[in-house]
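Each of the next two complexes has subunit A plus one more chain, namely subunit B in the first and subunit C in the second.
And then the complex of A and B:
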């Protein structure tokens, strides 16, 4: 067990698989490509199992609240009850599929739509605040947003012949240039952080005995 | 047999520059990163939580960890969570981290546990209380976070990682309860305006990737960030040369990069 719990083993597995996957991108060799697709499938299978870990974690949290009789504990009890009901209906049995679908379509989805609509209220208050002119930068953003907004409105042409060309220019040159610059920086940054993970230098995933601040 | 030679060359440049900056980092003049106010504010946020005796909410994004696009940001989120967990363990603040996709849960749990062990507070680590798996669905997830923020009234909300639609619904309640909010997202640029509207500090694009290195001042992580910058410089030079070549209608560089 000690070998399996040794976190250096994780680093070694990650490094070997990453090198093979990178090599399969650069070198044309069928076994490498086969290994890569197999490794990706294994990754998906392992990730699928984490759903159980998540369900257990959520159940433990809510059961503890019920046991300790914390405030509104009955809501936690309701959650646990629904978790188990949906789990057992979901894994199958005579007539369970219909019951599962009924709960999902007629209860879960409706509650989801209602809460989504309530969430819209938060958007309105945030947008109201964001459209207050606070500084020059905010002013530039608002003017640009209004121009681009009117560019795609049907009344744009009748308001002013300048609006549509200005909006198209804003989207084609300054916006596009900024977006491409950001995307390039992101891509390079992503490669750098991936390299850190592959080489086992990402601090968040590193064993504590290697912690430099200790 | 070998294709994409240009990728191989760039990879070799990246690895060599990484090795160089790791060595340089161990010397008397290690590389430095410019000041990033949003990351400086993390310490202030945790200190505020300690003073107010209210929790710190840390969300390491809701990226699918197996998705190549979201993986680097998710790792940046985990690095930030590691740092925040160490601070909360050290100063005795309550930590709450909400997780949306279950594949992220083992990483987050392990990261927080390691941070508490590193600070000698193993007994204060409460797995299911501190790292809470909510659900993969967007609406129930943000509804839970909205309720959590309203009930627990966190003094600080640190949200760094991959985020998508629904971010406004988790940020706006935090603002309404007076939480000091730090947000950051790299690849999903469309989300940034929401963070800018609702957060006190925002990390943009590659600042997110630098978060772990900046917070920990770890020379090896710092080397990764600096070598990213070196490659960015190479990309800019290639852009300038490419523009020049395109101006004289020469496809040489284009063909070289396609190799």
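And then the complex of A and C:
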């Protein structure tokens, strides 16, 4: 079993799979493509399994809190109860689909929508407290934000025929130029991180004491 | 109290007031928007118009993937968007392959499927539309779906073998389809990386308005055929399709809401300028 505990095995697997997948985008050879497709499917299977492991881990964490009667333990109990109810309804059986859909539509959806809508209220408060003309840069941001906002709000059309074209221009030229720059930076950063992962140098994927970059 | 009078006292009160008053006014504007409709014309954005033109340009029988990567919290705007895309595809005799890369997706797509089949009784499941359900792993799942669906699943959401269905004739993966409409709450990068860049599948991206801005460079580079900007895109889509619905209604709320935001920005800045001037005077 010691070989399975060896972190170098992880690094070797990651390196081999990464090199094959990268090669499949450069070399036109059917087996490489097939392997890439299969590897992606493995990724999906592993992701599904991690969701399951995550659910078990969350259940254990909350059950322990309930057993220890920690503060607000009834919220943990509620979480565990809902987790198991949705799990067993989701697995299926006679009449479970209707029950699952009922909870999904009438409880989960409403809570999700309400929680999401609360963000809008915080934004309103932020507009009042943050959008202040403290300097020229802030002024440019405020004016641009108002113009772009009005570009989509139809009320702008009645105020001035220039607002929509100005908003489109802002989106098409300055915004797109900035976005291109940001995306190029992100892409270069992603390549750098990918190389670190492939070469087994990424600190986040291994215990700190084994960090090979030191 | 600070002892100030007139405007000074008002701005002082504004600065120190409980922000829940601001929230209360939001409620007022939301209710007002449901009573008073501002009849302003909707002028479609170029990206919306291009998206619709692209769908219209597809030959009958083309296979369109409707990729759902949104969550239940946005179903209020995503459902009308989904219905609009499905209606548009059916009007043009296009075939729709529905798939979800978020766990909330299958139930929502199931609901949309049930409704669209009621609206179009002549369309048949398996011939004109198919629902694949959810695949975990997000981008890894997208890559597998684009390359070879068989590696992910041999059945659809309801357990039927998809290979036997007429709609999937000649289709091994997303790469064989003529368009993918990506309705998502994420950025366009993933779908572009897995469908447009390696296989050249045309992409129409429909994300939140703030994320959609990030897709503009892909649009200008030709990697994305069209973009819908959140529910502004929905309102524009409804307006062009002459199917006014909830998008147009929400845009009215946005109009009122945006007027309120402008009032807040103006008030906030007046308070700030007043405070600066008062500071100089002391």
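Brief remarks follow.
Definition applied: the second predicted complex is superposed on the first by the 180 of 214 C-alpha atoms of A that agree within 3 Å, B and C clash if a C-alpha of one lies under 4 Å from a C-alpha of the other, contacts with A are read in each partner's own complex, and residues count from 1 in each chain.
Criterion: a residue touches a chain if its C-beta (ideal position, glycine included) is under 8 Å from a C-beta of that chain, and two chains touch if they have at least 3 such contacts.
Not measured: the values here are computed from a predicted model.
When both complexes are overlaid on chain A, the residue A:171 reaches subunit C alone and has no touch with subunit B. In the superposed model, A:153 makes contact with subunit C only, not with subunit B. When the shared chain is aligned, subunit B comes close enough to touch A:54, but subunit C does not.
Legend: residue contacts after superposition of the two complexes on their common chain; A:64 is shown touching subunit B, with no touch to subunit C. With both structures placed on the common chain, the touch criterion links A:37 to subunit C but leaves subunit B unconnected. Shared-chain residue A:189: touches subunit B; no touch with subunit C. Of the two partner chains placed around the shared chain by superposition, subunit C is the only one that A:142 touches, whereas subunit B remains out of contact. In the superposition on chain A, contact is made by A:25 with both subunit B and subunit C. Subunit A residues in contact with subunit B (one complex) as well as with subunit C (other complex) are 25, 43-44, 47, 51, 112, 115-116, 125, 127, 129, 179, 183. Interface residues of subunit C facing subunit A in the complex, by the touch rule stated above, are 19, 22-23, 26, 38, 40-43, 45-46, 71-76, 103, 107, 111, 135-138, 140-141, 143-144, 147-148, 151-152, 173, 189, 198, 209, 213-214, 216-217, 220, 229, 232, 251, 254-255, 258-262, 264-265, 267-269, 272-273.
Chain contact summary for the complex, subunit A toward subunit C: residues 25, 33-34, 36-38, 40-41, 43-48, 51, 100-101, 104-105, 108-109, 112-113, 115-116, 120-121, 124-125, 127-129, 131-134, 142, 146, 149-155, 157-158, 164, 168, 171-172, 175-176, 179-180, 183. Those residues of subunit B that touch subunit A in the complex are listed here as 1-4, 7-8, 11, 14-15, 18, 65-66, 71-73, 75-76, 78-79, 81-82, 99, 102-103, 105-107, 109, 111, 114, 117-118, 127-129, 131-135, 137, 139-140, 142-143, 146, 166, 168-169, 171-173, 175-176, 186-187, 189, 193-194, 196-198, 204-206, 208-210, 212, 216, 218-221, 223-225, 227-228, 231-232, 235. Listing the residues of subunit A that touch subunit B in their complex gives 22, 25-29, 43-44, 47, 50-51, 53-55, 57-58, 60-61, 64, 112, 115-116, 119, 122-123, 125-127, 129-130, 179, 182-186, 188-197, 199, 201-205, 207-208, 211-214.
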